[in-house]
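Same chain, two partners: subunit A is paired with subunit B first, then with subunit C.
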Partner chain A sequence: MSSHDLKPRDISKKTDQLVHIDPAELPKLPYPYDDWVDPVIEELSEAKKKKRDVSLDGVTNVDVPVPETDEEKEALVAKFLDGLRKLLSKENNWTFLQPLMLSLDNCVKCNTCSNACPIYNESGRIEAYRPLFRSDVLRRIVNKYLKPGGKLTAKFTGADIDLNWETVARLAQMSYRCTLCRRCAQTCPMGVDNGLLSREIRKLFSQELGIAPQELHADGTIKQLETGSSTGITPFALADLMEFMEEDITERTGLNIKMPFDKSDADILLIHNAGEFLSWPENIQAFAIIFEAAGLKWTMSSDLVGYDSVNYGLFYDDAQYVKVTLKHADIAKKLGVKKVVLGECGHASKSMMAIGDRTWLSESNIPRESAMVTLKDIVLNGKLKIDPERNNFPCTLHDPCNLTRAMGIIQPQREVLRKIAPQFREMTPHGVENYCCGGGSGFAIMQSHNFPQWRNMISGRRKFAQILNAFTREEIDPGVNKYVCAPCSNCKGQIRDMINYYDAWEKCHLQYGGLVEMVVNGMTDVPEGFIEWDDFH
Partner chain B sequence: MQAVQIITYASVGIAIIAMLVKVFRYATAPEHMRWELYPVPHEKGKAEYGGSYLEELDWWTQERHKDTFNELKEMASEILLLKGVFHHNRTVWTWSLPFHGGLYLCVGWLVLLLIGGIMTAAGAAVGAGAGVIGQIVHYLTVFCGYAGLFLSGLGALGLFFWRLTDSDQRKFNSPMEYFNLVFFVAVAVVGLIAHLTLDPSFTALRAYVNSLVTAGAFNSPGMLFTVELVLMSLLIMYIPLTRMSHFVAKYFLYHSVRWNDTPNERGSKLEQRVLELLQMKVGWSAPHMHPGKSWGEAVTMDEKEANRE
Partner chain C sequence: MATFEWEDVKIEVDEDGFMEEPDQWNERVALALASTEGVDELTEEHWKLINYLRDYYQKYGIAPMIRKLCKETGFPLKKVYELFPSGPAKGACKVAGLAKPTGCV
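This part shows the complex of A and B:
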């Protein structure tokens, strides 16, 4: 059977691998990648395959252990069904029961969602990646196994899926072949949300079966709650890092800035994605330079979790998500700040400002604001001296899904760029209709097995094409400095990985970074060259 | 009382109950986390590009201006013109628009028949030779009836062939999808033939509605007419039992989820409802969920301690 002929009931077939990705079938990339051919996705070793299921597409980013006996298989299926019942109960899923029921009950199968999904289309239209395919498998299982008379009417209603362990394992993998970008939901005439359904499936596996990607759970929320950050940075390590940051600021700009921590008289608590500390320290530095120059009374927190805005629970587990966001709320309350400003991180902003809004309760309900808004106020109201000519290079903007589609923060970052970057141009489409970077929902930090190759080849492919298309052929030339502004840590991680995968640093001299780096690059009281064109990291 | 009348009473009764159950189920679901999706049409001055109040500096200090007119405009263009399908799936829109337009006219037709039935029960005349109101009801009934049956039948037929011939669709269709559309086509075809041949001005149908209102006797003008009554009654009952009653769900999908951007405020009712929900017991089995504890306890436990346990 071809990967394009698959029907939902085929999900339970007993085959080693249900679909195969053929690099020759992937859509062509624009100039200078006209002749680019991706390598075949690396096959996992037999030893690795024995330990984890890869029977969907030969790829894995969530380890579903392969049961050794029939009893173990039956136990897995029974536990899955238990979880499904809990997912549909008020007590266990009050957090999302209404949206879940509405999306489960009301799909009319018009397939409008398919055209909106970059993963499905950039895979060469592999059925198992189709938004409707994944949600319809779940829907059919619910209809057959949980609804009264479901088995009796299964042939008529199409609930013809056999629930075996292969179905369960593949459903887990399928929920992690979606970046939760919700572009499909935006086009659904009914308002059905396949992204939500993917997240609900992930929740079921995590909350009932204890199955979740290591990067999100063990090395993500668990580590963050225990050590303070999913990066492993402890409060002690943070102090060392800050010392380095201060020295680096002085070295690069001549400015002497003391990083403020735990200031009791601060108006603003600034929280960064701790990934910035390690991968993009210039982002942290740029924020400090801007906030100091603008005369803001601000602080950061050195409390456990308080210096890392990351909340990977958002992607897979309601309890983990609430645990982390409550820590953030408590820290803001303890410091007594007037507001929390979220640094350049889309999912952190969404977790504290939108989804988490209803978990910041009573006295802990400290107002939160996106840094895009704070920066707009600073830049557009003349609180900094900026020479746009310093940013006179081709520049485009990537819209993080969480900031735009999920929160409606569209214009502030654009208004800043229009003010400071003469050659700013939009991608097509952009704003609320943007495409995901390909690293959404935690994909950007998943580095194990062959998943990074899949991520760069497929989930990020549309974004990479969009980036290339934002520049003219002349500008694509490696002799021209050009910049992709991505005001989100996870998006930056994904864009960095794609530039490496497609060798775009060498071929196009494509640089990427945040918005604050561009602001500082344009500031006249800072020496020229804050953006370092010859340093790719 | 004739069997067909009993079928109609039962169908309408079941339909009303099924619809109420559906509304109750969605309306009483607990307060959920925010999950809005932009553009949100009531965002004044921002809806056009998908912006929100979160774009404002210190947004919590600003007065929120909801653009109710724009929201109503968006709803109207979605309900009447199927704007979303028009923009994202033109093939479906081509058939879905006449189908839904026809259904709206059919609903109007049934309402007009009910009004006419009540009028005749009260002794007022309805027809070409009646007074102004009686004439208006008569001509509107004729228009809505024929146009509604024709358009809904045509749309359903188009959608049926689209589902049948589109290779992507075929993978996902169940017998029910085809049956539902055939059901609509059958009602439209039987209804059109029955009225064109037996009851062109819907006088008999109005008399039937009158008999339902008064629980009185009724004489069918012919077998095909009775078949139409049975089919139509069964369709009225069947719709709420399936996802074809998505018009109910769509209200909640848009207003409770997609456009629900209400911020949580200290001391608000919303906050109170969430605090109550946090008292419920966790039933999930994974160890990190702390089964048996309340949600409030489970999410505030010292994780280091809990993990050591």
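This part shows the complex of A and C:
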């Protein structure tokens, strides 16, 4: 069967692999990638296949177990159905029951969502990646197995489905072939949120069956709660990193800045995604340089979890989300700051700001602000001396989904760029219409097996094309350095990986980084060349 | 978990080839792991990098920031890639017996 003829009821078929990705069917990329051919997605070894079910598409980023006996399979299916029942009950799912029910009940199958989905389109339109397909599988299971008389009506309505282990295993995998970018939800005329449905499916699997990607759960949330950070940075290691960064700032800029920690008289608590400490220290340094130059009274926290804004629970599990966000709220409360500023991280901003509106309650309801807004206030109010000529290179802006579509933070970062970057130009489309970087919902940190290849060539493909299209043919030449400003740690990781996968430094001299680096690059109090153009990322 | 064998070395590794028990690391193990990275010989420069990573990991429980690694070994990142073609995290850290880096790095 072709991957294009698949029907929702085929999901229960007992075949080794339901979907086959053909690189020849992927949409063409723009110049200079006209002749670019992606390799076939690497097949997992037999040993790896024995340890996890890959029966959807041969790709893996969530380890779905391989039950050996029919009894085990039945037990897992029963557990899934129990979990689904809980998902649909107010007592067990007060958080998201309403949008879940609206999304299950109101789809009119118009397929507007399909046109909006970069993964579906960039895969060469594989049915199983269609937002509607995944939701329809879930919908059919609910209608047939949980509604009174459902089994009878399913036969007549043509919406039949078999709930066997294959269906359950593939549903888990399908929920991790969506970056939760919610472009589909934005475009749906009925207000159906297929992204939310993906996330509810992930939640069911994590909370009821203990199935979640290792990077998000064991090496993510659990590690964060145990060591203080998903990166494993302990307060002891943090002190070393900060000492190095201070020395490095002095060496690069001549400035003497003491990184402020646990200051009881600070107005602002700044929280970064701790990935920045290890992979993009210049981002942390740039924040410090700007905040000091602007005369802000600010601090960071060295409490466990207080120096890592990450909250991967947002992507897969309500209980894990709450554990982490309450720690963040407690730390802010303890410090007595007037507001929390979220560094350049999209999902952390959403977790503390938008979702935080329902979890940072009463005394913990400390104002939270995206750094985009803080930076706009600083730059537009003339608190820094900036020479835009220092940023006179072609530059475009990536919109992190969680900042833009999810929270409507669109203009502040643009106002900053218009002020400091003479060659800033938009991607098409942008703002709330943006495309996901391809690494959303934690995809960017999933670095094992054949998944990185999948996300570089499929989930990030539209973004990569958008980036290329933001520059003219003359500019795309490797003789011209150009910059993608991506104010989000996760998006930066994905863009870095795509630059490597597509060899885009060699071919186009494409560099990436955050917004604060560009601000400091333009500051006349700092020697020229804060942004380092080099060929490794 | 899988058992990886090379000459007289026998260690447990995860599916990405990183050591499950970093305490078991020794110089023979480094040679064994290097063979999986397409590095046939460990030169003085390789050892400088490996020893730096190892010391940092033992003290702080994580791999160092790449910028710090480059600065303190004196190797530009390009050189790190020359020594370990899959890069500092996937290549050098693996051979030095570190656990796979986690989080948004």
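The rule is simple: the second predicted complex is superposed on the first by the 533 of 537 C-alpha atoms of A that agree within 3 Å, B and C clash if a C-alpha of one lies under 4 Å from a C-alpha of the other, contacts with A are read in each partner's own complex, and residues count from 1 in each chain.
Keep this in mind: a contact is a pair of C-beta atoms (placed from the backbone, for glycine too) under 8 Å apart; a residue touches a chain by one contact, two chains touch by 3 or more.
Computed from a prediction, not measured in an experiment: that's the story for all the values here.
J.: Under the stated touch criterion, which partner chain does A:365 make contact with: subunit B (first), subunit C (second), both, or neither?
T.: First partner only, subunit B.
J.: May I ask you to decide whether A:236 touches subunit B, subunit C, both, or neither, giving the answer as first, second, both or neither?
T.: second
J.: Is A:117 touching anything from subunit B or subunit C once the two structures are fitted on A? First, second, both or neither.
T.: Neither partner.
J.: Just to be sure I read the superposition right, which of the two partners does A:210 touch: subunit B = first, subunit C = second, or both, or neither?
T.: In the superposed model, A:210 contacts subunit B only, not subunit C.
J.: With both complexes overlaid on chain A, does A:79 touch subunit B (first), subunit C (second), both or neither?
T.: The first partner, subunit B, only.
J.: Should A:138 be classified as contacting the first partner (subunit B), the second (subunit C), both, or neither?
T.: After superposition on chain A, A:138 lies in contact with neither partner.
J.: Does the superposition put A:354 against subunit B (first), subunit C (second), both, or neither?
T.: A:354: touches subunit B, not subunit C.
J.: What's your read, subunit B or subunit C touching more residues of subunit A?
T.: The partner that reaches more residues of subunit A in the superposed model: B.
J.: Classify the contacts of A:193 with the two partner chains as first (subunit B alone), second (subunit C alone), both, or neither.
T.: Touch status of A:193: first partner only.
J.: Tell me the contact category for A:289 with respect to subunit B and subunit C: first, second, both or neither.
T.: Touch status of A:289: no partner.
J.: In the complex of these two chains, what residues of subunit A are touching subunit C?
T.: Residues 47-48, 51, 215, 219-220, 223-224, 227, 229-234, 236-237, 240-241, 244, 248, 273-279, 281-282, 308, 310, 345, 444-445, 447-449, 489-490, 493, 534-536 of subunit A touch subunit C in their complex.
J.: Write out the stretch or stretches of subunit B touching subunit A in their complex.
T.: The touching residues are 25-26, 29-40, 43, 46, 49-60, 78, 82, 84-85, 87-89, 92, 168-169, 171-177, 179, 243, 246, 249-250, 252-254, 256-258, 261, 263-267, 270-271, 274-275, 277, 280-290, 295, 298-300, 303-304, 307.
J.: Which stretch or stretches of subunit C touch subunit A in the complex?
T.: That would be residues 2, 15-16, 60-68, 71, 77-78, 81, 90, 99-105 of subunit C.
J.: Mind pulling up the subunit A residues that touch subunit B in the complex?
T.: The contact residues of subunit A facing subunit B are 5-8, 79, 82-83, 86, 89-92, 94-99, 101-103, 105-112, 114-116, 127, 132-133, 136, 155-160, 182, 185-193, 196, 206-210, 217, 222, 225-226, 317-320, 322-323, 326, 339, 353-363, 365, 367, 369-370, 372-374, 376-377, 404-412, 431-433.
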